[in-house]
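The structures come next, written out as structure tokens.
Both complexes shown next keep chain A, but they swap its partner, so chain B is in the first and chain C is in the second.
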Partner chain A sequence: MAFIKLNDLEVEVEDGTNVVEAARQHGIEVPHYCYHPGLSRPANCRMCLVEPYVFFPPAGAIVPDRQLATGCTTVLRTAPPDRKLDGKYDFIVQTDSPRVKKAREDILEFLLVHHPLDCPVCDQAGECDLQDFSYRHGHDKSRYLEVKNVPPKKDLGPDVLLYSTRCIVCTRCIRFCDEVSGSGELGLIHRGSHDEIDIPRNHGGAPLQLLDNKLAGNVVDICPVGALISKDFLFKSRPWFMKKTNSICAGCSVGCNITLEYKEDGVYRLKPRFHGEINQHWMCDDGRLGYHYVNSDDRLQLPLKRVDGELTPTHWADALALITEKLLGTEAADVAPEDIVVIGSAQGTNEDNYVLQQFAHDVLKTTQVGLFGQLPGEEHKFPQFTIEADKNPNTAGARTILGAANGNVVLEGDALWERVAGAKVVYLVSGGPERPLEAAESAALEKVDFLVVQDVLPSDVTQLADVVLPGTTFAEKDGTFTNSTGWVQRIRKTIDAPGEARVDWEITQQLAKQLGGEMNYHFAGEIALAIAENVPGYGEATHQKVGDEGVKLT
Partner chain B sequence: MSDEIIQIETPFQFTEENRLEFDKLMGRYPVKEAAMLPTLHLAQKQEGYISPAVMRYVAELLEVSLMKVKDVVTFYPMFFEEPVGQYVIRVCHTLPCALRDCKVVLEHLKTKLNTDVAAETDLAKGTTSDGRFTLMKVECLASCDVAPVIMINDDLHRNLTPEKVDEILDNLE
Partner chain C sequence: MVQERRILYEHLDVPDINTFDVFRQYDGYKRFEKAINEYQPDDISKMVMDSGLKGRGGAGFSTGLKWSFVPKDIKPCYLCCNADESEPGTFSNRYVLERNPHLLIEGILICCYAMGIETTYVYIRGEFTLGKKMLDAAIAEASAKGYLGKNILGTGLDVDIYTHPGAGAYICGEETGLIESLEGKRGQPRNKPPFPAVEGVFKKPTVVQNVETLCNLPFIVGNGVEWYTQMGPTYGDARFDPPKPDPNTGTKLYCISGDVNKPGVYELDLGLTCTELIEVAGGLRGEEVKAVIPGGSSAPILTHYELDTRLDFTSLTLAKSMLGSGGIIVMNETRNIVDCLLNIMKFYAHESCGQCTPCRWGTPWVRDIVQRIADGKGRQSTITRPKFGIAENGRWGDTGETEEIYEDLDLLESVANNIANVDTMTWNTICVFGIAVSWPAVSYMRKFRPEFEACIREGKLVTLSVAEATMKPEENYAYQQRIIPREME
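On to the complex of A and B.
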């Protein structure tokens, strides 16, 4: 640990911390643009200048250094005993001396030389570092009278637009493409004050390569100004009108930490949230843009039952009564517990699956428990990021919880479909984006007498069902997901489910109650407590302990 | 929408002689990327300008991204991204040359070659219709003591007057 004098504070920081981070840890803002904790540090924006103090032998005193230093590249380390300042400090630095404040004002004036005053129509307004730092650290007026450069607006790729006029050439996006995605599509063209970010183009301006790697959306997040803009979010909403909730991306089994931004009428965007051991500062575009199914107009809003071969909307009581009748009524004598297969979802939370497994074990008395989920995609590896092939957020958790709690064996793949083909009643929980069925899967499901499906969108699966119960997506419920590396992380309810759709574990519990089961959970956290008690390894995974950081399974 | 990428159809390749030259270059630098400038000059000497095919070829040779090459090419005004004339005439118009009447030299060249002065992004504007000459203004050529100066391809010509310009042009092939 290095002992630092930071303004008036005496603080200890880890060796190797830079001044910007050290100040941030102690609530002091050192404005910066080019510095990003996840990227290399060129120190080109000059915004984070701070005033280090040095020992000046002729005066025999500690004085401000002749030059200001960039906070991002000034690394704090323990000094040898004979080099301590004042006999105890490893470093003395001022972040708000008059000299520093003057420097910031002047740098901002330079950065704003070619910047247009188009905040009223700029997507970034409200979450713009240039806006914020100008307000807090800048001049109140510009002395620049010359004509401003007006470089053109450019289309860089499938989801990214560049408003070149707003760019302050911090080069974060270029470094991201060089270092994190490793694809190097971005660079600077021209020179000096004519510098522009661009993709490779021929002399006529037609693109030779597009910014179309699967991490491209991150350049929009790290852009400190409104230069790089996501087409998906363009002109959709002002940032301050959206509510923000910490959640987990449901796009694959990596489990990237995200901030889900939403209004009453739906999800507006997903932004990555830092987690040092899982996703760092990043997320992929598949996850980022994969939320649209949540807002879809096709979402299942009412339970459906099959009448004369057609799926027809009905009400909850009717739908649940139908299932109860099948399992308790006159025909029920034909259905033995081993004729029933209950299939949990890798899209569902640990809580959903725990209630489902309790339902299977305690109420239906069946040991036939399976696991269903999205079809696997492709794995993509980048220098500093991996997108996993398993497109479910909770395969690991669902597998453990469906299986471990009561010693059941969880059926998957061919074994599952073989078993399904011979079953009379199948209770299948799906969820997530529309899931196409493979030939063997639909053949097996077609053979089932009575198929109950919980899902969020009409799909191949619901097409084969006798009763469809509308469930919820990751944006509409509380719970936990377990990612592929064993991190249990929380998702939170943001928007209301459409129509009469209900949280999956509530549906299962309601049905269990009607069938005489004894289950009485009121909220997801309560189920998590039961999981912590009964599932090996999940002892620490209560909602309270999981929090925003997650808990790693032991 | 820019979801259509231009395909680079006519490939570029160093001639055998230039390839040997390039291999020699590689020995001079600790990393391949460092050889960017001389490699681009070599390629421009062969092709006349830096086409997309050249950029791609150089990027592959030096194992860098295409954008890194484009970056360098647009940074330096001595790399051309479009075809230029057989003789590129650079007229210095920085202060000492300006004081020594570079304007007269430039106007004389314009009339004689019957062409305009090239713009940085539009070299065709300064190229004669027969493709022999490209006329452009440049900043200091570092020969202020012998101003006004022009450079024709790699040769510097000093202390110019319209008469001297005529003589020089007549001596070109």
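On to the complex of A and C.
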């Protein structure tokens, strides 16, 4: 640990921390643009200048250094005993001296000379570092009278637009493409005040390569101003109108930490949230843009039952009664427990699956438990990021939990479909984006006498169902996911589920109650407590402990 | 009358001196042979340190000191020869490359021997096609004769020289910009520290040295330190107590251009005055000297009051200017300083690499302000303010008079100082290009303020007489700091 004098504070920081981070840890803002903790440090914006102190032998005193230093590249380390300042400090630095304040004002003035000041029509307004720092550290007027540069607006790729006029040439986007995605699509063209960010083009200006790697969306997040804009979000909402909730991306088994931004009428965008051991600062575009199914107009809003071969909307009491009838009623005699297959979902939370397996085990008394989820996709590896092939957020958790009371036997793949083909009643929970069925899968499901499907969108699976129960997506419920590396992480309810759709475990619990089961959970956290008690490895995975950082399975 | 003292340029005019055999007749490579036969590498480093040789590329940093910063235990270590000579007003390296390339190779060999370097890159300005051709030919010839390549002269010494043409950017002359460009990247200077001596080309220790600096080495080795230190003055560096000797030894290739009768490169001892230099270059063309740029376009300008300033590293630093690259531009009474500044600012605005904020957007801004003044659109305020200057009590303060406010001159000074402050010598930029911009901007404006004011007042470009255009010496911000060397007092 290095012992630092930071303004008036005496603080300890880890060796190797830079001044910007050390100050941030102690609630002091050192404004910066080009520095990003996940990227290299060119120190080109010159915004994070701070005033270090040095020992000046002729005066025999500790004095401010002649030049200001960039806080991002000034790394704090324990000094050898004979190099300590004042006998105890490893470093002394001022972040708010008059010299520093003047330097910030000057840099901000330069940053704004060519800036169009079009905040009223800029997507970034409200979450713009240029706005915020200008407000907090800048001049109140401009002395610039000359003509401003007007470089062109550019379409860089499928989801990214560049408003070059707003660019402050911090090169974060270039460094991201060089260092994290390794795809290097972006570069600087021209020189000096005519610097522009661009993709490779031929002499006619036609693009030779687009910014279309699967991590491209991150450049929009890290752009400190409104220069790089996501087409998906363009002009959709002002940032201050959206609520923000910490959650987990449900796009694959990596489990990227995200902030889910939403209004009453739906999800507006997902942004990555830092997690040092999972996704760092990033997320992929599949996840980022994969939320649209949540807002879909096609979402299942009412339970459906099959009338004359057609799925027809009905009400919950009716749908549940139909299922109860099948399992308890007159026909039920020839349905033995082992004829019932209960299939949980890798799209569902640990809590959903726990209630489901309890329902199978305690109420239906069946040992036939399976696991269903999205079809595997492709794995994509980048220098500092991996998108996994398993497109479910919770395969690991669902598998463990479904098998918890069952000797860990969970049917999957061919074994599952073989068993399904011979079953009389199947209760299948799906979820997530529309899941196409493969031929063997639909053939097996078609053979089932009575198929209950719980899903969020009409799909191949719901097409075969006798009763369809409308469930919820990751954006509409609380719970936990377990990622492929064993991190248990929390998702949180943001928007309300559409129509009469209900949280998946509540539906299962309602069914259990109607069938005489004794289940009475009130909220997801209560289920997590039961999981912690009963599922090996999940002892620490209560909602309280999982929090925003997650808990690694033991 | 001062005489030229030709050392580096001594044999420049010998026919075919660019060939190995002729070069050999004039002691060629003998100094290198002396170095490897008579001295250990450390002896050479010590000689260079003792000789007081200062870098001729611009910064004037002690070459021996620079070498001492290179860690001995990290290998490979590289030498980069800076032949990107693009400072306006500078053209001395070019002649070495075109006429006497073997001298440079010999200098490189001595440096490589002293520093244990096996690979040298010569970064040549892209426009120097002839220079590159001549140097390439000389390298081939020296290799054929066994003076380059593996196991040189059977001593086990390996040295390879690669030439690399620049692509036309001034900033690639800055040592770290040069290194980036050499590595195949955009020529953008790096943050320092780490300095190239510790982490340079391919992240290895690198000595960056100007052509002229390297060409001095054969003579230091050949004729000895004592001979070398006799040329040029030595001062006491007053910043230290007791004052450290501050040597300005050797000769300098002064590139004299502008309003002189015989412009060209003149090799002279360091420490001659401007007046003497103008005389050497055939005298002034015109009636009166209006101004002299002493060290390439980046250097602050000198007025006719300052012509007794000695053109060496220390004297010019004390006169708040610099020797820089030794590019001396003389201007007579017909020149307009506003126009001249505009010309220079156009150059810098075009050449800023654009990496860091103050320089990227400040430099064109300065250019635009000067352009406006030159166009006669400079702004003057309708109100006046108390004039500050030497007050009655002899101190700086309110003079009791009022002065007119020239908003654009205040703005010019403020913007330039925000890029790099010439008064405190602090800058917020990555490289010292920033100070190379604000130095001329602020010094021209302060020293020739009446001419700037006249342009604004009259709404057009006006050239004043020398006496009218120049600030009085006592009002010149740099004049007081200037020292007159002891022997001249």
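Here is the rule we use: the second predicted complex is superposed on the first by the 551 of 554 C-alpha atoms of A that agree within 3 Å, B and C clash if a C-alpha of one lies under 4 Å from a C-alpha of the other, contacts with A are read in each partner's own complex, and residues count from 1 in each chain.
The rule we apply is simple: contacts are C-beta pairs under 8 Å (C-beta built on N, C-alpha and C of every residue); 3 or more make two chains touch, one makes a residue touch a chain.
Keep in mind the model is a prediction, meaning the values are calculated, not measured.
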Based on the superposed arrangement, let me know which partner A:Ala22 touches: chain B (first), chain C (second), both, or neither?
neither
So, A:Ala206: does it touch chain B (first), chain C (second), both, or neither?
first
Which superposed partner A:Leu188 touches (first chain B, second chain C, both, neither):
both
Per-residue contact with chain A, leading partner among chain C and chain B
C
Which holds for A:Cys167: it touches chain B only (first), chain C only (second), both, or neither?
neither
Per the contact definition in the header, classify A:Asp155: touching chain B only (first), chain C only (second), both, or neither.
first
Show me the chain A residues, by the header's touch rule, that chain B contacts in one structure and chain C contacts in the other.
188, 190-191
Would you tell me which residues of chain A are touching chain C in their complex?
42-47, 49, 58, 66-68, 70, 73, 103, 106-107, 109-111, 113-114, 143-147, 168-169, 188, 190-195
So in the complex, which bits of chain B are touching chain A?
1-6, 8, 52, 55-56, 64-71, 74-75, 81-82
What residues of chain C sit close enough to touch chain A in their complex?
169, 186, 191, 241, 349-358, 360-365, 368-369, 372, 411, 414-415, 418, 425-430
Of chain A, residues touching chain B in the complex:
154-158, 178, 183-191, 198-203, 206-210
